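Labels for the chains are A, B, C and D, by order of writing; each one numbers its residues from 1.
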Amino acid sequence: MIAERHLNAIILAILVVIPAYAVIADEPFTITLATKAVILALAGVGLNFALGQGGLVSFGHAAYFGIGGYAMGILASHAQSYTPLMEVPFVIEGTNSMPVIWLVAVISGGLLALLIGALSLRTQGVYFIMVTLAFGQMLYYFAISWPAYGGEDGLSIYVRNQFPGLNTLVPIQFFGLCFAILLIVLFIVNRLNKSPFGLALMGAHQNEERAKTVGIDVYKMRLVAFAISGAITALAGALFADLNRFVSPVMFDWHTSGQIMVFIILGGVARLFGPIVGASLYILLEHFLGGVSEYWQIYLGAILFFMVLFAKGGIIGRLSKKEQTHGG
Amino acid sequence: MSTLLLIEQVLNGLQFGVMLFLMAAGLTLIFGVMGLINLAHGSLYMIGAFAAAAVAGWTGSFVLALMASLMAAALFGALIELTVIRRLYARDHLDQVLATFALILIFSEATRWTFGSFPLFLDTPDWLSGTVMLPGGIQYSLYRLAIIIIGLIVAAGLFLLISKTRVGMRIRAGENDREMIGALGVDISVLYTMVFALGAALAGLSGALVGAIQSVEVGMGEPVLILAFVVIVIGGIGSIKGALAGAILVGLTDTLGRTVLPVVFSTFMEASAATSVGSALASMLIYILMAGVLIFKPTGLFGSA
Amino acid sequence: MISKTAKHTLKAFGAATALSMTLATGAFADGHGAVKVGMITTLTGGGAGLGVDIRDGFMLAVEQSGNTNIEVVIEDDQRKPDVAVQLSDKMIQSEKVDILTGIVWSNLALAVVPSATAQGKFYLSPNAGPTQLAGKGCHENYFNVAWQNDNLHEAAGAHAKATGYANSFILAPNYPAGQDALTGYKRYYDGALAGEVYTKLGQTDYAAEIAQIRASGADSVFFFLPGGMGISFLKQYADSGIELPVVGPAFSFDQGILQAVGDAALGVQNTSQWNKDIDNAANKAFVETFQAAYGRLPSLYASQGFDTANLILSAMAKADVKDQDAFRAALKEADFASVRGDFKFGNNQHPIQNIYVREVIKEGDVYTNKIISTALTNHQDVYAAECGLN
Amino acid sequence: MADSILDVRDIHKSFGALKASDGITLDLKPGEIHALIGPNGAGKSTLIKQIAGGLNPDSGSVHFMGRDVSTMSVAARARLGLARTFQISALAMGYTVLENAVLGAVGETGSVFRFFKPAMKDADLLGRAYAALDRVGLRDQAGVITSELSHGQRRQLEVAVALTLAPKAFLMDEPMAGMGAEGSKELTTFLQDLKHEAPILLVEHDMDAVFALADRISVLVYGKIIATGSVADIRANADVRTAYLGEEDAA
């Protein structure tokens, strides 16, 4: 048993060492896997803010992951074909600049979450879980049948988008970029968690009545938290799309929502680094079990199941001794 | 669209709804009594269909196949309840979602391992195939009519079970107050296993009934599972009455939506585009319905806060 | 047993063959350099049957060749495009394969093929033939060994026209391949349309559509509903008592799912570029050996996997894969005995081939197809003209 | 009645056939403890909910500090200075004692939308929280997780959280419940002191405490106030004796 902050430092170190080793050993695919882990972890960090800190069990975060992906896909495909996105009332051109794409992804993810949250937060418990799922499915079917951007075929972007000063097609550089974003977001989320906002959000999670009786507008607070959460997951979606140079409606599928949730539960709900551990472990399992048997999903299912039953608090909860609080 | 066609489509929507009800009833019972979100309910549906297909293949009897589906699903239901599910009652919804999600993976791949990657054959029996002429000149599938009747019988049976019998009284007590039922001296763990097996049997039955006119294949339970959740959420979780109302509402909305919307759109759009846009909207319609219901009634139509 | 997926098993299998076939293949083995093939296909979940067939057909050809210079790495894409993309990265970056193949679905192919060919790898499609890759988006390293997506639907349209259908009701799921299917049908069919319906992808209940068909006054029905959707539709259609003739592409009538449809499919006419009764030596041998090896009749997909492997083997005999230009030229010659009979590539490296009309029959207890006519002879897709290759 | 802090006017609330509030009128004046007593099921909780927010009356109004707050949310009323403690402790059980107090202080600042400065390093919030903990004598327990507190300590913490709001009036739902004799006595003294800061509407079962503390008492029976008056008035009131105290004695 070690302190959570030490554990977190070890986790970060592993995430740096593995790709560094892969560069030396010339194993670019290992870097790709690590990049995927980092990006999915980021999606998880987004959900974890709503789910862990806020107690808002969203089963529809694929909506934000997908909208981020499509923000990238739509902008980049227009840049690729040199056609403007819209001409009336004013011209908007596509772009292949990552920072612009990220900004669009974050804003559209945040706005979408604001809209969905405003409606969903009227419900609670299982109803909330299911109504968020419903919104996710709505977008999924919309994306499949909307022909303008490929429908079920999705959109292929032949070249990864650009970031000033980097060659994003070099795996380690793209990894570095994603890792840096993850660190920045982790820093921000950590501050958020500890801020009065985070304190009140978690307080309302633990006891909603209490938060209300000290004068906190719980609905409005949760709505803002939900929007922040959606914006972060949308950013991850944009990066994921760039990792694959491809977007498709699968990003909106309920399995995607479930998977992001799995990362959090595996790693540890409301633990800052929970999604990172969860996503990394999931990808490792998927990668190695896939080589063991055609029926590898049986093993994956069994492992997930035993994790739920016997590792309460996720892996971080198991390994670290300190309960996360605002103390200190 | 002619009135006659519209009536037939209403009937189709009703039949689709009744089918959903069989699935949703178990789901809502299990949630109402044990407070469990069971994503693996779709797997029990699949098990029912596979058991029916296997038994129909051996014996050629549809009735035996239906009984096999009931028994196999109930057996599997009881088995997983006794071994794993009961450990989840005290957990929060999040753990339940993940654990039962894991069960889906296990069940799906184990089924594929047992039965192979190809869909199985299950057909309607001769005495239920073909069509009947309904009043007004509607030619309607006998089998679908049978599904409507079976569904309504099951619904009536469930209402009687819950309102009139001792077991039903215990179920109602369990919904209201888990401690009280313990105090009544009822062995609660037996009750839970029974309720879970009952819900599983209903799912298995609907899998078999539907399997005869659809495709018996791995993964067949998932789309239905999502629909069943939509149904019980619209109806209010835990309420059988709500499940019935929700199922029929969803069935009608979906069926009428996908036939009427393209027609509506074609009044002001070019035909091909109208079909495409109309169908796109139709595929989103039940989710829009669900969101709409929850916005105005946050605990569903018949749900209690 | 080559029906196991793991690559370890396959390597072991390769070693075993090497021992037993040294004499027979001695000349072959020292011909040209080794080739590593990465196969990304669907082996789990609902669509696994198709991927399993492609894999089994492919591996059968490899086994029969006795060529020890070919190594095959197989991975499961779970029918998810993002997984497929990552597997292709893995195959290219980590396994360092020369050729990719195996993808079943158009949307997955669209996710993988452009970037794989851009990275200088060959991609040989054993099943999907999306429009985007046939016209302007064609690529010198992309070969389609199956068909362009429209082909079988065009053949169905041609067949409907030839049969004299004048008022078809047509339906397909509302997604790009479904929209292409209806377009393809309409390209060759010139009668009226009694109705045109897009269903929800993954829909399993077709009561509403069937009621529309009944009310529409159509004289024939064309549908494209792959996988479980087609099984559901056919069973429900048969149960509805509507007697209108049905035509469709082979996908809903293929060996793998026909047993699940049962009597409901009997007599239905469908279009395909292959059937087990095509009369040539290669096909006879293929059907027999496939049945012997796997205990089931081969499907369309198995035949496409088999042809894909033989195409690669034929090119290996002529050129070293490291010499891309030579190898590409060898592939383009298509100098192998296709189970379809005549087979050659057009300028866009998609097949020019006959497409037949088959009818579903019952042989003993087994449902299968027999060819009744040829719908289109030496048919090439319409997009070839837009392709810059020649 | 301009001098009333809290003013409940002719509230009616029915659940089906049950009239939980049947024309209740009562007020709370500065500097007083006004106790609300009544047998179980008399409608005390329903009344408190309508005063605190969260349950809207069918008719009638609630005025607080001269404003009609009848349609305001719980949070909005709390922000105006209406503090509340609960019958069953409503605290963030996973938080430390200090965190709970800081949560109250955050609420008092009026805006929860402060995203960057750590709450537990904010001198202003901490000062307010510690001051409240000091007053109820929980400072030594500041670092303890709330779920580990004794029952009595939780009641104290409830009061402390209410204090961080610098309230204009308190609604206290059975603060004595579950307290030992010693604790009750201490709390009694404390409340005597507190009422000069902000008046207290007190729902309490402990009759000794009520008679010791209250300046005025209202008796609620079947949704109606049957009597309001000083301790002596109520002791002497015949109706109250039969309707309420009599039952109590018999039980």
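The rule is short, and it goes like this: contacts are C-beta pairs under 8 Å (C-beta built on N, C-alpha and C of every residue); 3 or more make two chains touch, one makes a residue touch a chain.
Quick caveat, the model's predicted, so the values are computed rather than measured.
Listing every chain that touches chain A and chain B alike gives C. The chain with its CA mean position farthest from that of chain D is C. Here A-C and B-C are compared, and the pair linked by more C-beta contacts is B-C. Separating the CA-averaged centres of chain C and chain D is a span of 74 Å. We define each chain's centre as the mean of its Cα atoms; on that basis chain B and chain D are separated by 48 Å.
Mean C-alpha position of chain B lies 35 Å from that of chain C. Counting partner chains per residue, chain C has residues 43-44, 174, 179, 198, 200-201 touching two or more of them. Among all residues of chain A, those that touch two or more other chains are 141, 144-145, 147, 295-297. Within chain D, no positions touching two or more other chains are listed. Every pair of chains in contact is given here: A-B, A-C, A-D, B-C. Looking at the complex, you find that chain B touches chain A at residues 31, 37, 84, 87-88, 91, 93-95, 97-99, 101-106, 108-110, 112-113, 226, 229-230, 233, 237, 276, 279-280, 283-284, 287-288, 290-291, 294-295, 298-300, 303. Chain C makes touch with chain B in their complex at residues 43-46, 48-49, 52, 174, 179, 196-202, 204-205, 207-209, 211-212, 214-215, 227-229, 231-232, 235-236, 239-241, 256-257, 259-264. Chain A makes touch with chain D in their complex at residues 191-192, 194-200, 202-203, 206-207, 209-218, 221, 224, 323, 325-328. On the chain D side of its complex with chain A, the touching residues are 52-54, 73-76, 78-79, 83-84, 86, 90-96, 98-100, 102-104, 106-110, 112-120, 122, 125, 143, 145, 161, 164-165.
Residues 51, 57, 59, 119-120, 122-127, 129-131, 133-135, 137-138, 141-142, 144-147, 254, 258, 261-262, 265, 269, 295-298, 300-302, 304-305, 308-309, 312 of chain A are the ones touching chain B in the complex.
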